[in-house]
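The following pair of complexes shares a single chain, chain A, combined with chain B in the former and chain C in the latter.
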Partner chain A sequence: MKESRLMLIQYATAVVAVVLVSVHLIMQGVIYPYSTAISFSNMLSVYRNGFYAIFLEALLVIVLVHGFNGVRIILHELRQSAPWTRWVDAGTVVAIVAAVAYGTRTIILAIFGGVAG
Partner chain B sequence: MSDVRLVVQRFDPFRDEKPRLVEYAVPRREGMTVLDALLYARDYLDHSIGLRFSCRQASCGSCGMKINGRPRLACYTQVDELSTEKVLAQPMDNFAIIKDLVTDLESFFAKHRELTPHLVRADTQEVEHPTAEFLMSPEELERVLQFTYCIKCGLCTSSCPTVATDSKFPGPQAMAQAYRYTVDVRDEGGDLRLAALDDAHGIWRCHFAGSCSAVCPKGVDPALGIQLLKRHVMSGKAPRKQGEGAKVWSPPAQKQ
Partner chain C sequence: MAVGEERARNRRGIRGWLNPYHYNAERWAYVFQRVSGVAILLYVIGHLGDTSFFVGGPTGTGPSASSWAFIGSIFENSFGHLILILVTLILFFHGTNGIRLILTEFGLIFKKPAAIEYPYKAKSLGSGQKYLIAVAIAAAVLAALWAFLVLFEGMG
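Take a look at the complex of A and B:
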């Protein structure tokens, strides 16, 4: 993928992340008191609400893509050999897929069982 | 008037293990530039000081160096304006040292050339054997004018934090010139430059520190050019394609 496309993704995910994280913080700290919001039972109910589940999945994907793409940029500036560039690009994709899969697994387990409420 | 305490960083890569600072006492005179002080030191105190200079009037860009920690032209910096007890002259950062204050600008010029810093047109016959002028309005000239003042001294590149870490990064001078030719209405080669810049080590590695613009002795704003060029790289579209450049224009013949 062209670097300009990757940077467009970086800028777009940054803007979307600001919105999603703001909503998330408002939900966790303003609408619900923080101590209640992070309780285990409340977390389960959040995951089992369809809207929040989709919201959290979107937050997970957006923040991970933005974060790992940012790390990729820093690593590219660290060294400049062609193998390094290839490994960093491939490693970024693997890291994003793995982290999204692990986070999604948590949401799916909370929704469809495997975690007692 | 007291002497100028001129401190020069000396380093010969073939003889020295590491750079050392040597102090020279140079008789102060009104209007003395750092280059004047260095030339006095070289002519009367130590013939072995290595420095590069030519025009002595901020036109050639040869005497770029770090003076009191900031990239400057030695010929364009008066000793009195520094207002410091000592004047410290060091080679520019981000360049290999050839000797003392002389740095190797080979990669700097190579990166400049890689971004096609000249007008590219389909009508090569007209370019090589012009019959008239290419039409350009004063407003269109204004858009590129400040970037034509670049003297390729390397000060912007020596101050760039990305150049310090990424050896493949073209640097502010090359990219500002890429912008200068890409938006020039007479040019049709924008696609070449945009493709070269859309790389993992290309234009996107500029984080807009702005130090390039802060140190330019000619008042050029390379950081501005780079940000404006990013817009074209993001869209992937050059302002003009082949055959769309400014048309040839002949002034009407004057009556006798």
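Take a look at the complex of A and C:
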């Protein structure tokens, strides 16, 4: 992908992340008191609400793409060579896929997994 | 300047970010944008780890109240809350300053070109950018204060 397009993705994910992270923070301390927001029963109901589950997955993908692409941009600023560029780009893709997979696993298990005491 | 010296000067890497010589507010905002971005990413990775304990951690199979209580016993204390306040502070600065950088990237808050006059201040670094950096700092401080009230005073 062209570097200019990757920068556009960086800006687009930044704007979306500002909105999603703001909503996420409002849910932790405005809609519910913090102690209620992080209680097991409330989190279970949040994960098992289809809308919030999709919201959390979108938050996960947007923030991780923005974050790892940002690190990629920093690493390209610090050093320039063809092998470095290839390794950094490949490492970024692997990191995004691994982190999104782990976060998605949490969401899926929270929705479909059996509840233990 | 010799070629070798110039090359070394252009390859200062992270040390170059932190060299305060001849820095202005925009340059410091640039440095903090990168440092805060890396810090936030590290927090997000840690947050993925701690929220996974809602489903029993890396080897879990579903929501587990005991696993969630275990991770809460580690992080839900004054030190953990101070970390969250610090994260809120840098998160809001990063977000607000990031919007300034996007506006700058698309040329929306540059001053109009004008004749070059002594003392040759860069026209791009007009008052608009300085105001937005001040807004970013104010937003970060207010957000940190809000986080303090939510976490330590039970407001929210």
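General remarks:
Heads up, the rule we're going with is that the second predicted complex is superposed on the first by the 114 of 117 C-alpha atoms of A that agree within 3 Å, B and C clash if a C-alpha of one lies under 4 Å from a C-alpha of the other, contacts with A are read in each partner's own complex, and residues count from 1 in each chain.
Simple rule for what comes next: a residue touches a chain if its C-beta (ideal position, glycine included) is under 8 Å from a C-beta of that chain, and two chains touch if they have at least 3 such contacts.
As the structure is a prediction and not an experimental result, all values here were calculated from the model.
In the superposition on chain A, A:L78 makes contact with both chain B and chain C. When chain B and chain C are set side by side, the one touching more residues of chain A is C.
Applying the stated contact rule after C-alpha superposition, one finds that A:G67 touches chain C and leaves chain B untouched. In the superposed pair of complexes, A:A58 makes contact with neither chain B nor chain C. Of the two partner chains placed by the overlay, only chain B lies in contact with A:S4; chain C stays clear of it. Of the two partner chains placed by the overlay, only chain C lies in contact with A:V15; chain B stays clear of it.
Shared-chain residue A:V23: touches no atom of chain B or chain C.
Shared-chain residue A:V97: touches no atom of chain B or chain C. Common to the chain B-facing and chain C-facing surfaces of chain A are residues 7, 78. For chain B in complex with chain A, the touching residues are 162, 165-169, 198-202, 204-205, 233-234, 236.
Within the complex formed with chain C, the residues of chain A that make contact are 7, 11, 14-15, 17-18, 21, 25, 28-30, 32-35, 37-38, 40, 43-44, 47, 60, 63-64, 67-68, 70-71, 74, 78-79, 99, 102-103, 105-106, 109-110, 112-117. Put simply, chain C touches chain A in their complex at residues 13-14, 34, 37-38, 40-41, 44-45, 48, 51-52, 54-56, 60-69, 72, 76, 88, 91, 95, 98-99, 102, 105, 146-147, 150-151, 154-156.
Across the complex, chain B is touched by residues 2-4, 6-8, 73, 76-78, 80, 85, 89 of chain A.
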